[in-house]
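Chain nomenclature is as follows: A, B, C, D and E, assigned in order of appearance, with residue numbering initiated at 1 for each chain independently.
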Amino acid sequence: MAVIDLANPSRFLGFANRIIPWLGALTLVVFAFAISRAMNAPDDYQQGATVKIMYLHVPGAWLGMLGWGLMTMAALGTLVWRHPLADVAAKAAAPIGAAFTFICLVTGSLWGRPMWGTYWVWDARLTSVLVLFLLYLGVIALWRTVEDPSRAARAAAILTLVGALDLPIIKFSVDWWNTLHQPASVLRLGAPTIDPSILIPLLISALAFTLLFAVLLLAAMRNEILRRRVRTLRLLQASTAS
Amino acid sequence: MRLCASDLGCRRGGRTVFEGISFAVEAGEALTIRGRNGAGKSSLLRLIVGLVRVGGGRLALEGGDPELSLSEQAHYLGHQDALKPSLSVGENLRFWSEYLGGLSSNAGEALTTVGLAALADFPAAYLSAGQRRRLSIARLLAVKRPIWLLDEPTSTLDTTAQEQLGGLMRAHLAGGGLILAATHSALGIDGAKELRLGEPQ
Amino acid sequence: MSALAAMLARDLRVAVRVGGGALIGVLFFLVVVTLTPLALGPDLALLQRIGPAILWLAALLANLLALDRLFAADHEDGSLDLIMTGRAPLELVVAVKGLAQWLTTGLPLVIATPPIGLFLNLDAKAEGALVLTLLVGTPGLTFIGLIGAALAVTLRRGGLLLAVLVLPLTVPVLIFGVAAANAAVMGPVPFGTPFTILCAFTLASIVVGPFAAAAALRQEME
Amino acid sequence: MSALAAMLARDLRVAVRVGGGALIGVLFFLVVVTLTPLALGPDLALLQRIGPAILWLAALLANLLALDRLFAADHEDGSLDLIMTGRAPLELVVAVKGLAQWLTTGLPLVIATPPIGLFLNLDAKAEGALVLTLLVGTPGLTFIGLIGAALAVTLRRGGLLLAVLVLPLTVPVLIFGVAAANAAVMGPVPFGTPFTILCAFTLASIVVGPFAAAAALRQEME
Amino acid sequence: MRLCASDLGCRRGGRTVFEGISFAVEAGEALTIRGRNGAGKSSLLRLIVGLVRVGGGRLALEGGDPELSLSEQAHYLGHQDALKPSLSVGENLRFWSEYLGGLSSNAGEALTTVGLAALADFPAAYLSAGQRRRLSIARLLAVKRPIWLLDEPTSTLDTTAQEQLGGLMRAHLAGGGLILAATHSALGIDGAKELRLGEPQ
């Protein structure tokens, strides 16, 4: 099936219905594997067992940013090609991305307590992630405020594009400003600087979370498409009856 | 029941809009208010319903419910529709029937009468100009009040709806109601009295 | 009675529907509280010291700014004209609208305070005191705000003008609210003293607010 | 050209007429700044320490909240429909409206800062730095705010939602504005570094704001 | 000059308002758009002026000024009046003539034509419904544009003003203009083509 076919909402529905159970099962398996690997991973000599928070924190951060990245691409789809599936994807991705960003914030805070002695500091990395979370909330509020989905999509797309400027700030804040947060050690130019005994479980955990993200996104998109169909049918019924 | 005005005056924004207006309307009678743009038709209706201060003269309702004020026995239908765009058509109407009359049971029937029953679950934001006006008219039917004050009720209505409104007004008069309507066009009620505003001045 | 219930139900419904303002007040509160440390710079001791004041100020602004369209929206779409022709006393109608407003903006604010307080490095005791003072104080703010919301109808200008008119009236609530919250944390005054005064102010504004607002609405009809 | 001049003249005129918002932003600013010491208690050293931050926060809120009706008012009375049928490019029209808005709310704010700063116990040097940063920063805030004001047209809901959408975007302006003001007073960073970044942000928003806002308005027409 | 639509469709709020509408209007011709409430008359006019997206089909202006888009050559008169209440009547009109056409010199004359010259210094907030509509009509006269798109232009106008509007429309047509008007009542132009919306589809 070509990608172009998936762009048709009905095709997409069929595809989603078929793939969601399989993808869900795969997610469960990878999660089980990731948990066992994480449990067996060695503690850090400096951070002790708290390093295990990393297996939640880092994937949370990545997927929080990935969510906005997807929304940015969908926003282009909405504004340039006016594609309805792009609207649906953007709307479905917002709460999921917000949830992952929230996970990053919460686990980061919990981790910060033993490491920095406080739940929260106002440094550039943390602040820019918080701004991302606020942007998510703003976009969700916007989606909830406009009844007509295609109008909401276009308004949200513009906000998403402007908000995308925050992503590079998050990514490079640790390099541009001198922060408490540690600089990138996995996603960087050149080889990762983490010990493989920690890196491998981290990557598996990231894979599990990514699969979870994909399943949630597909399911949310399916629900949204169905919700829109119901809406259209009701509108149609109302207009033909009067 | 008899609504009677003598030597009524009205001042708005520091200017006299009209002076020395007298009329009397009995139960079962209609009064159409005519006059050029700016003559004070809307102002007169708002004055009767208590939304503009009486600037002189006397306005009295004889034989109505003595416990209620004039404006509590009157329906006012102005240029604005008092609709909340985010509520559905049915919710809007039910709210006004409960608020104005304490009951919402007639609302469904009223919607059917004005031809909006199919749109009952539809957000009011999506109504066209004439559909909004029809919904306002449904309010008059959902709550029984003897006096109807209508400000250009037929504007934006299509011909079917105009005729239907004529029928509703005739039925209201036949039931002992009173109608005062400001208009530039024909209303479809026979034998209505006429008040011309701002003619000789 | 049923007219008032209908009004309450409608206002709640409009607030939680698409386009309504139910959660926006909370978001505003959250954003203002987040911005403060950004402006102040990362000084946790300072934040802890001024935390209650910031939360109270943010709550005050969120509450008042959310009020601006309370009557103006009803005025613009003609609802206010019809409300005046209803049989329920205008004072009660106004009070019911105030109640709906508080339920949809004031109360969520109070509920959101504990998590937001974490950002400002507040401890459990301070949070408890803050939540209690906000729970008692925000209805006072809303009911004082009714006066401004009613005045805004004639002035055809909501938002900031309303805030400017009403903020001075809310000064006592603010002062005693913050004082009570601080007293609970640092002393030396006992918590009870400012808290009782706060309660008294709130009760007074629940009585005075609707009367003054109804009078203002009546004046404005012309 | 003359269409743009007409728009500028009209917006300025509407703002200074009765019911317009020209001075309300300043009043709001004044009130917020006065409330802060009331909430914090009279601690002059503390006030001096956080004075620039408070002034910047108040300026930010006053600026954004004043923006909410910029396009919404034109939308409600049908002016926006006619504006779209004009021959001047929409981006320029939007920029001109932003300019008028800044002249009537941002600029008065800057002018009002020195007297208001006295309340917060600021010295001459701090005031000078503040005025300069506000003069450069407030246009940035207004032009970023244009995006929110344009979005508010579809949302049929101004005020707080606008603030919620736009405030995260204004964080850099706030941070560097306060940083520059503080740098001038306390060091150790030289004033120039954050100030240059502030200028860059303002310039960028003067370019991006009108384009994004015009795009939003075009999208919303439907 | 010729405005020509073929198979035009319009979707709003996820619903099809109309489909397959075709018409052609030449210079000097008028087209009245009729149909029941909610048929899509207002939507069609807004679509032509570019305020609602075209949902299918083709809309083309032949022979107009090639440098200008259709909406830049058209006057749109909708239900709203685009007046700022705090500005005076004259200021409002002068602003729109400068914004839309670059000149304000015709504004005074246009005000006289619609009978509002005496109110030129009066705040627009105080105008009655019909006076506001007259002021909108003055806008059509102050700036010359060949295409007029009028949405229920006669509603709220008194009979004198309705007749006067008829005269203005005839003069515009005689000068080679085009008029498309949505209406429920007579407009007073002879030989206008008619488009009925929402009949059999």
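Keep this in mind: a contact is a pair of C-beta atoms (placed from the backbone, for glycine too) under 8 Å apart; a residue touches a chain by one contact, two chains touch by 3 or more.
Given the structure is predicted, the values throughout are model-derived calculations rather than measurements.
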| item | value |
| --- | --- |
| Labels of chains that are neighbours to chain A and to chain B | C, E |
| Chains contacting each of chain A and chain D, listed by label | C, E |
| Longest centre-to-centre distance from chain D, chain (CA-based) | B |
| Same-residue or different-residue interface between chain C and chain D, half as cut-off | same |
| Far-end chain from chain C, centres as C-alpha averages | E |
| Between A-E and A-C, the pair joined by more C-beta contacts | A-C |
| Chain centre separation in whole Å, for chain D relative to chain C (CA means) | 24 |
| Whole-Å separation of chain centres (CA-atom averages), chain D against chain E | 37 |
| Intercentroid distance (Cα basis), chain D paired with chain B, Å | 45 |
| Multi-partner residues of chain B (each touching 2 or more other chains) | 12, 79, 85-86 |
| For chain D, residues that touch 2 or more chains besides their own | 19-20, 76, 155-157, 161, 164, 167-168, 171, 222 |
| Set of chain A residues in contact with two or more other chains | 127, 134, 137-138, 141, 145-148, 150, 235, 242 |
| Residue numbers on chain D that touch chain E, as the complex places them | 2-3, 5-7, 9-10, 13-14, 17-20, 76-79, 81-88, 221-222 |
| Touching residues on chain A, where the partner in the complex is chain B | 147, 234-235, 237-238, 241-242 |
| Residue ranges of chain E touching chain D (in the complex, touch as defined) | 12, 46, 49-53, 68, 71-72, 74-76, 78-87, 91, 95-96, 98-100, 102, 104 |
| In the complex, chain A residues that touch chain D | 79, 127, 131, 134-135, 137-138, 141-142, 145-146, 148, 150-152, 154-155, 157-159, 161-163, 166 |
| Touch list for chain B against partner chain A, complex | 86, 115-119, 121-123, 125 |
